[in-house]
Amino acid sequence: MDSNTGWREQLRVIIFQVDTVAGRRFDTTLLVIILASLFIVIIDSIDSIHRHYIDFFAYIEWGFTIVFAIEYALRLYCSPKPLRYAFSFYGLVDLLAIVPGILSLYYADAQYLLIIRIIRMLRIFRVLKLSPYLKQANFLLSALRGSKQKIIVFLATVSTLVIVFGTLMYVIEGPENGYTSIPVGIYWAIVTVTTVGFGDIVPKTPAGQMLASLLMITGYSIIAVPTGIFTAELANAMRAGQLEHECPVCAKTNHENEASFCARCGNALFPKIEEQA
Amino acid sequence: MDSNTGWREQLRVIIFQVDTVAGRRFDTTLLVIILASLFIVIIDSIDSIHRHYIDFFAYIEWGFTIVFAIEYALRLYCSPKPLRYAFSFYGLVDLLAIVPGILSLYYADAQYLLIIRIIRMLRIFRVLKLSPYLKQANFLLSALRGSKQKIIVFLATVSTLVIVFGTLMYVIEGPENGYTSIPVGIYWAIVTVTTVGFGDIVPKTPAGQMLASLLMITGYSIIAVPTGIFTAELANAMRAGQLEHECPVCAKTNHENEASFCARCGNALFPKIEEQA
Amino acid sequence: MDSNTGWREQLRVIIFQVDTVAGRRFDTTLLVIILASLFIVIIDSIDSIHRHYIDFFAYIEWGFTIVFAIEYALRLYCSPKPLRYAFSFYGLVDLLAIVPGILSLYYADAQYLLIIRIIRMLRIFRVLKLSPYLKQANFLLSALRGSKQKIIVFLATVSTLVIVFGTLMYVIEGPENGYTSIPVGIYWAIVTVTTVGFGDIVPKTPAGQMLASLLMITGYSIIAVPTGIFTAELANAMRAGQLEHECPVCAKTNHENEASFCARCGNALFPKIEEQA
Amino acid sequence: MDSNTGWREQLRVIIFQVDTVAGRRFDTTLLVIILASLFIVIIDSIDSIHRHYIDFFAYIEWGFTIVFAIEYALRLYCSPKPLRYAFSFYGLVDLLAIVPGILSLYYADAQYLLIIRIIRMLRIFRVLKLSPYLKQANFLLSALRGSKQKIIVFLATVSTLVIVFGTLMYVIEGPENGYTSIPVGIYWAIVTVTTVGFGDIVPKTPAGQMLASLLMITGYSIIAVPTGIFTAELANAMRAGQLEHECPVCAKTNHENEASFCARCGNALFPKIEEQA
């Protein structure tokens, strides 16, 4: 192993792994830089600040672009399979972090570059991914996945409700009360059923108000459904399956949580001590 | 069995059943057509689109009507008891899917036909009905049914609350602040207690604002009730997704799916007949 | 027992009890009359209807007053202890049902009588009280009572939050942005923390919007608390206490739900059948 | 022990402890005074009341300041370690209760003193701290702490969602529809995802309304997450309100409060020492 490969290997450990002091320090630095670049993008959008510090922000943005470009180059350099990295999800996100700085050379006031600059945020998850929080996130995700079919049934019901009520309101209230089309009616129904209630469009006829009341009470009851599904699933996951104990007679290993006897052979799972003697 | 009956039988299997490849393909096609017709109805209601594509949409609507008419005729033809089908729930929905196209010949700009055209949507559930999602829907429905009496008590309480607060606000705030009648007051109370809060009608007097605060905090606490009922019921239903058989000795009713012996008392769940004798 | 007492006794059974056919019929009739009188009060408040049917509604109101007066007289007459009935909760509510009709002779357009007329509604609960729904209501109430202390802690926290944030917003936003006093600020904080969000008062300064965001996210998380308390309490109540089975050795009667052995004497609660033989 | 120390000790018991009649009476009096001072601060902010009773409120505020100053002096005097008290959390809060009265001598209409005057409220918790409610508060807090990691994952997800949607809305709707900067967009996204929905800023373009609908439905589903986490954790905590002792044979950890034998395996939970030998 020549010194070059050794240096590359060492760099790879720092950049891609977290179980060393240097690796953790690298991740923390990166997290701070990403958050700083995010903060700059956000406050740069405030008009009065933008006008005062226009040059300052341009220089800072250039700084971030250079830092991210160097980081991207290093990752490419020390990755064992550079191409696979380049086309992986995080490889593309890393590339996107450099693009806006370069594109902004050609397009002066490119609003849409903003979105790309915000996408940099996803890189935070790369850092979080390597932390103990991942376990908790997986826990929550597995509870969500366990109730996937129930959630699809729920969303299908809500969609139907929202389309039917949106159409009814369009017919009853009509364009003169702000329900200018069925899509607007559906938008209103979503605003209402989720209990957001902006109040930009509101029913004005008695019939419309009655229908809206019906939708609100339905929406109110429906909140119970996803909460119930998720809670029950989570409680299930937390109760952590079953009793794991080998039956002394038939060797069955999984039992009901509170089982005293094996459900297969009927023998006591935990024979009394004096009986054993 | 003459060839005609055989062909009819084959058609019936395709149209009414799902466990064949052809049947599943038929259902998928139908689902796509229904969704497309729904999409057309929705975007046709946007004024600028409607004006530009008025003829195009008219032709398309005719296309859908003809397709649904053919489908209805085929269902009638190959159904073993055509009359029973014609008067069943889905039979009527299928008929309604054709009606707006035909009626629109006589009534030029019939707004109310829209509702019938949206009812076509219910046909989606016929397709879903035959899918594995049905089991999950039944699961959720059985949890709702199990808590029916509790939900009626809850709705009666909410209704009383809403009527009493609506009347109080009408008396306190009065028509000059937008509470023009008790029904409007009740509408406001529903908007408030469900936490939708449009803001089209708001209390302006200090007394009204105090009363509104009381109602909001009540509403906030009351959200807990349906969620709690439903979650507890669902958790119960999920725990009970097991062998339901009363143990002859200790009367435990839920067991592991594969249980031979009761996990609580160790006795055989299904004693051999000669032993009982 | 002279015929008068017998007749009175029979009347008492009809009016005060529900386990006879006549009693149930009486309750149903009363329920319908109360709901009708409530409906009249509500729609009479709509100005256009009130002006058209002013005489009609006056006659109907008189009719209800006479019916309720007769009912009240009968209850007094056939009650074994008339005074105790007259001063009981429902006795007073029954009396209040007659008052508005009589008072309206003296006060022409008495708005505040409305509230008394709405209080009639409470009489519905008398009828419901005697139904199987009572058991469910008690169930829900006992779950609420079980979490009383937790709910007080929760309400104290929310009150503090709302007062502190209301004051902060009054100081930060000030009267020029609609926060005219601390009570108005508190009202706004309640509207926000309960996620009602009328939008009649909204923060306009950046500092105010940041504070509002903080309050909203807090409010959002806080919804979880009453729901969690109530659900856990309800789930507890539904798991229905414990196993009721007398221990064959020490006669202890209440055990853990899944108990196989008595927690006091350690003997099997359900001895195996072959062992018994 | 000279009489001075004895008197000081007696005072200390009254002021700092609650298990004597005098101590409880002192706490109740203090609670009433704090609530009264809070009430005065709140209603003094109402302009019409302030103008009428300006002198009256000034005198009352002086009264409260003197009472709190005397209390603070007494606490300092009878505390065994005055310096430690003075720099403890409640010592500082007690000091802050006196400050506004004194500062208002120099600053006439000092709005910001209001916040300090409201901070007095925290002193209520000192009184509550010594009550049985503390146990319930700890119970709720421990459930929250148990789900700390899950809640951080949840808040990180919501933050990302809110920043991404806020930026998208700023780009799509733009300053002409009220989304004047990314921070305003984020504020709107928080208002929407928490279902508060003030309606001061609303999407007006079709694309914005579609995005808003997506955010609302996401927000609606996301409510389920903290509720689910907290409920499952609380249910766990409540179920564990029992004897916690690992059974030496089957490792069951939760038992009836009075259990001597394990309800699962029937073995003694606390084997006699001579038997173990």
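Before moving on, here are some points about what is shown:
So that you can tell them apart, the chains are marked A, B, C and D in the order they are listed, and the count of residues begins at 1 in each.
Throughout what follows, contacts are C-beta pairs under 8 Å (C-beta built on N, C-alpha and C of every residue); 3 or more make two chains touch, one makes a residue touch a chain.
Owing to the predicted nature of the structure, the values given are computational and were not obtained by experimental measurement.
Think of it this way: of B-D, B-C or A-C, only one pair shares over half of the A-B contact pairs by residue number, and it is B-C. The pairing of chain A with chain D is characterised as different-residue: of all residue numbers used at this interface, under half are used by both copies.
Inter-chain centre distance (chain C to chain D, centres taken as mean C-alpha positions): 29 Å.
Distance from the chain B centre to the chain D centre is 41 Å, each centre being the mean of its Cα atoms.
Counting partners per residue, chain D has 183, 186, 195-199, 223, 227, 229, 231, 233, 235, 262, 264-267 as the residues that reach two or more other chains.
Within the complex, the chain D residues that touch chain B are 195-199, 227, 231.
Taken together, the chain D residues at the contact with chain A in this complex read 149-150, 152-154, 156, 160, 163-164, 167-168, 170-171, 175, 180-183, 186, 192, 195-199, 202, 206, 209-210, 212-213, 216-217, 219-221, 223-225, 227-229, 231-233, 235-236, 249-250, 262, 264-267, 271. Contact residues of chain A toward chain D in the complex are 38, 41-43, 45-47, 111-112, 114-115, 118, 121, 124-125, 128, 132-133, 136-137, 139-140, 143, 151, 155, 158, 183-184, 186-187, 190-191, 194-200, 223, 226-227, 229-231, 233-235, 238, 245, 258-260, 268-273.
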